[in-house]
Amino acid sequence: MDYQKILEEIEKDIAPELKRGKVADYIPALAEVDPNQFAMTITLENGQQFSVGKSQEQFSIQSISKVLAFSLAIDIYSKSLYKRVGVEPSGNPFNSLVQLEYESGVPRNPFINAGAIVVVDALMSHFGGDYSALEKVMNFTREISGNSEIKFDTLVATSEMEHASRNLSLAYLMKSFKNFDNDVTEVVRTYFKQCAIYMNTKDLSRAMMYLAFKGKDPISGKQFLTEAQAKRINALMLTCGHYDASGEFAFHVGLPAKSGVGGGIVAVVPNIMSVAVWSPRLNKYGNSHVGTLALELFTTKTGLSIF
Amino acid sequence: MDYQKILEEIEKDIAPELKRGKVADYIPALAEVDPNQFAMTITLENGQQFSVGKSQEQFSIQSISKVLAFSLAIDIYSKSLYKRVGVEPSGNPFNSLVQLEYESGVPRNPFINAGAIVVVDALMSHFGGDYSALEKVMNFTREISGNSEIKFDTLVATSEMEHASRNLSLAYLMKSFKNFDNDVTEVVRTYFKQCAIYMNTKDLSRAMMYLAFKGKDPISGKQFLTEAQAKRINALMLTCGHYDASGEFAFHVGLPAKSGVGGGIVAVVPNIMSVAVWSPRLNKYGNSHVGTLALELFTTKTGLSIF
Amino acid sequence: MDYQKILEEIEKDIAPELKRGKVADYIPALAEVDPNQFAMTITLENGQQFSVGKSQEQFSIQSISKVLAFSLAIDIYSKSLYKRVGVEPSGNPFNSLVQLEYESGVPRNPFINAGAIVVVDALMSHFGGDYSALEKVMNFTREISGNSEIKFDTLVATSEMEHASRNLSLAYLMKSFKNFDNDVTEVVRTYFKQCAIYMNTKDLSRAMMYLAFKGKDPISGKQFLTEAQAKRINALMLTCGHYDASGEFAFHVGLPAKSGVGGGIVAVVPNIMSVAVWSPRLNKYGNSHVGTLALELFTTKTGLSIF
Amino acid sequence: MDYQKILEEIEKDIAPELKRGKVADYIPALAEVDPNQFAMTITLENGQQFSVGKSQEQFSIQSISKVLAFSLAIDIYSKSLYKRVGVEPSGNPFNSLVQLEYESGVPRNPFINAGAIVVVDALMSHFGGDYSALEKVMNFTREISGNSEIKFDTLVATSEMEHASRNLSLAYLMKSFKNFDNDVTEVVRTYFKQCAIYMNTKDLSRAMMYLAFKGKDPISGKQFLTEAQAKRINALMLTCGHYDASGEFAFHVGLPAKSGVGGGIVAVVPNIMSVAVWSPRLNKYGNSHVGTLALELFTTKTGLSIF
């Protein structure tokens, strides 16, 4: 398939949609990004990449980082992790406290905020302090992306911490149910740093190759997860990767993928490729409007889908 | 792959588990079935079938019939159907009214009871009366299974109607939100008849080939749905096919599948095969205990999975 | 105190408010009532009455009838009734299913719809069929009001039955929890007939004297309830008498009272009097806008309040 | 009436019940109190007091302090306070987050934890820092009780702060809805100090005389609140004073009253008296088991009730 041509068609097709949707304005540092940008990159098994748009432009990966932290945690904790976080879709807006209360402080899955925060708490318990858990996530991200320059944006993390009330509320609720080990403020602060990792679509597409290829990055040859672990994370991305539009995304796109409010989405086509897309304006569910469209066009044009 | 050998291994592996779990005893006619039975059948593209266990024994397909009715409805109503029923996982036990009330009488997806009942209502509005909508579902089932003898069990349907209060409550709630056209009792009665369709694993495995092969039954060559429609139903089965254990099933098995309280589960491996399994005892989520195990063993042994 | 003068002052004070609020338009027969009417009547221990406005005009008492039915039921069932209906404020809009589901089909109190319907079900179980339970309520109403002409409006009852979906949903939900004995449709039909009782403010004020005077009507001298029973119904009216504005009403008016969507409110001043008021336009909580104001003015002007 | 004799009868009647129920063990400092104690004191208009049991023994007033703080706040803020906290019964267990989320961070009433915390926040905004708001509450308490020695127990406050996760969660949730002005931890710390005020039944009964007598303490002659304000607080105590057993308490006792998990309950008989009772063991709703019984016996024996 001529992937470059397909990407260029998509770039043309989505152009009229670039001004629809709104950027996440609750994070001032994100609100300043030029909202009408677009980038898309494919990485194949042999390392070959195809890109269109601003594929060198870095953006805040935000919730996509939840996949990275969970990949580390699943490897450390194995089954014991599931006592602290479930694997079911949540069926509610992405940061609702209702379900968390009814389910005794055990978040439904690691991709809603409460679940991601409890994963950070678990990593901090294992790796020691704030810094070392974060460093582990950073190093893992650098390794899977093959880019030792990956950083997080302190300004974004700090400005998120200023609007952290709901996440602090979630964390204290879990603590009240004894599902929390470390200092709440420290864990949430670390969580925001992790969310503030920035990458471009080339980095991001490259980074997810281990999930596209059964836990083993086919380019570096490194085995990061077992086949079963990789398969499970893909299942989670499919059922829970897009907040309360996960069903919609599975229905229309049909690929395991994870989105972030920075406008990024990364998807995997098992055994074939990883695709990253970025465009800052969001639809009403908090997922990139153009990013979602671009991936739907991609699966339509290529016939690639897991179903 | 030697599918027959794999099935025989599975049959041996699950034997010690055959007495775990409980049959659905709220339907007297189902409670009388010998609970320790097991059957499993694979159907390949060329029509070849492999079976173990009581693959000639018929059982009540129950909620699996929701896939059949939705397949008909999606073809008739296309996008307008989604105003009446969503495509998101529900995140709650399978017949909860809470979410239905918060979401103004629009059920989350067509595989929870409320959603399936509204699908029957839509079919009745389109096809005229009770009888003809049901006949359409029956005929569709006969056609996709290649078995013109498929029937529903009047006794099971009648005994379900005697315990229909919760479903009637759901239906009247939707009616109060104007999301209902026909007489509530008639629709629910038709719904129970549809649920009372009985088949064996050979029939059921054969019947789902249209979903495994992009809407076209490879054996008869008939195109029942478009490729996009088939892909979407598979996405729905993956995200919503197992009540409040859908995430768990995707996580452990990794195939689009639908279960029923009669103990049946049918799964598809896109472009490769359809698998039906049956064992009456249920786990705490209402899915066949041994059936779930058998499918997990199957994907582990064959490496077949969509992820 | 010169009650007549106080009532006349109130009539003048509320005049500018008579066109605010909306009548209950979901019941066509009620929507036809001239919405700008007002009436208010006080009945004292010696039987003396003071009235202003259209105190001869009859109106549909609607939810006020719940007090009548519960008075009968509490006498018959005593403590066993509380297994089927609670005595706590509901804290939710007046016909929500959420709480009913979380509390296993036992309605919070007899003044929300679900609770009132279960009370009718209990009366039907005790008195035999539909007709005789309804006749008992009618006869009780005639006796306490001293007016043997009290009737219900068949047209109102019939038109309510046409919009009964939510109440049928509530009733079937209770039935699914085994908290229902009789045919759902028959019970709901009887409930609507009871709600369609019509009276004027003179009748209504007179009728509640048994609650103002410890269970004994001081005019006829008949003891309808024990002192403890009367006190408990007053407590229920105070905590649950005005849907989700019960706290607001207690806070501003400070009297046990019950409202209905027909625009009537009846209040008792223990050991002193009963007050009925009527004006069809409702506030956003479903209580008479002017009726609520008139009672607030009344307690302010007279200093009468239980607090 | 011979109040002393009535109190002595009650003391005898409740004796067999003194070992039922459990003390609040989540606060270690409270768990150490001898659980089988009982005290009851009545204060009349002329200052005369009648007591039985350990009426000199001091206990932690806990949630009863919410009435004191609200009395101060209602006087300062008047109607503007109701934008931040409602006056409706909550219909849910006493510290549920569900309703708070559905109602956009505005707690239902000032006697549930979230409401009481927002009241402390409002007092801190008005009076400046932590210390001065707390001092105002302390001074008010000293003034109404006529006991300048009233203090709070630092040990109890500190040990509550160690189990503050749920309250911190509530406070951060309100903050996320912009219904919070001050530092969350500081407000919650102040709230716990206020809850840790300790008094005996003599002090407590004396302290509530301003609510029994229309805002004016009949003994000191000081007017603390307007008549309307006092009436409203009594209405709130009746509808919301006993967590999720408020309806039950109104139903069985029929007096405005407020309980605390320290085992205290204080009730007012408008225009007649104030009654305080204390016994540490709690019923399943978190109210003093024997205290509730004693008040029920009291209203039965004296015929005093507002209904």
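Going by the order they are written in, the chains are A, B, C and D; count residues from 1 in each one.
Quick note on the criterion: contacts are C-beta pairs under 8 Å (C-beta built on N, C-alpha and C of every residue); 3 or more make two chains touch, one makes a residue touch a chain.
Not measured: the values here are computed from a predicted model.
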Contacts common to chain C and chain D (chain labels): none
Interchain contact steps from chain A to chain C (minimum; 1 if touching): 2
Degree value of the rotation bringing chain B onto chain D, based on Cα positions, nearest 5: 180
Mean-CA-position distance for chain D and chain B (Å): 55
Distance from the mean Cα position of chain D to that of chain A, given in whole angstrom: 48
Inter-centroid spacing, chain B versus chain A (mean Cα positions, whole Å): 32
Multi-chain contact residues (two or more partners), chain A: none
Complex contact set, residues of chain C against chain D: 86-92, 99, 108-109, 230-232, 234-236, 238-240, 244-248, 250-252, 254, 256, 270, 300, 305-307
Interface residues, chain A side, partner chain D - complex: 96-98, 101-102, 165-166, 168-173, 175-176, 180, 184
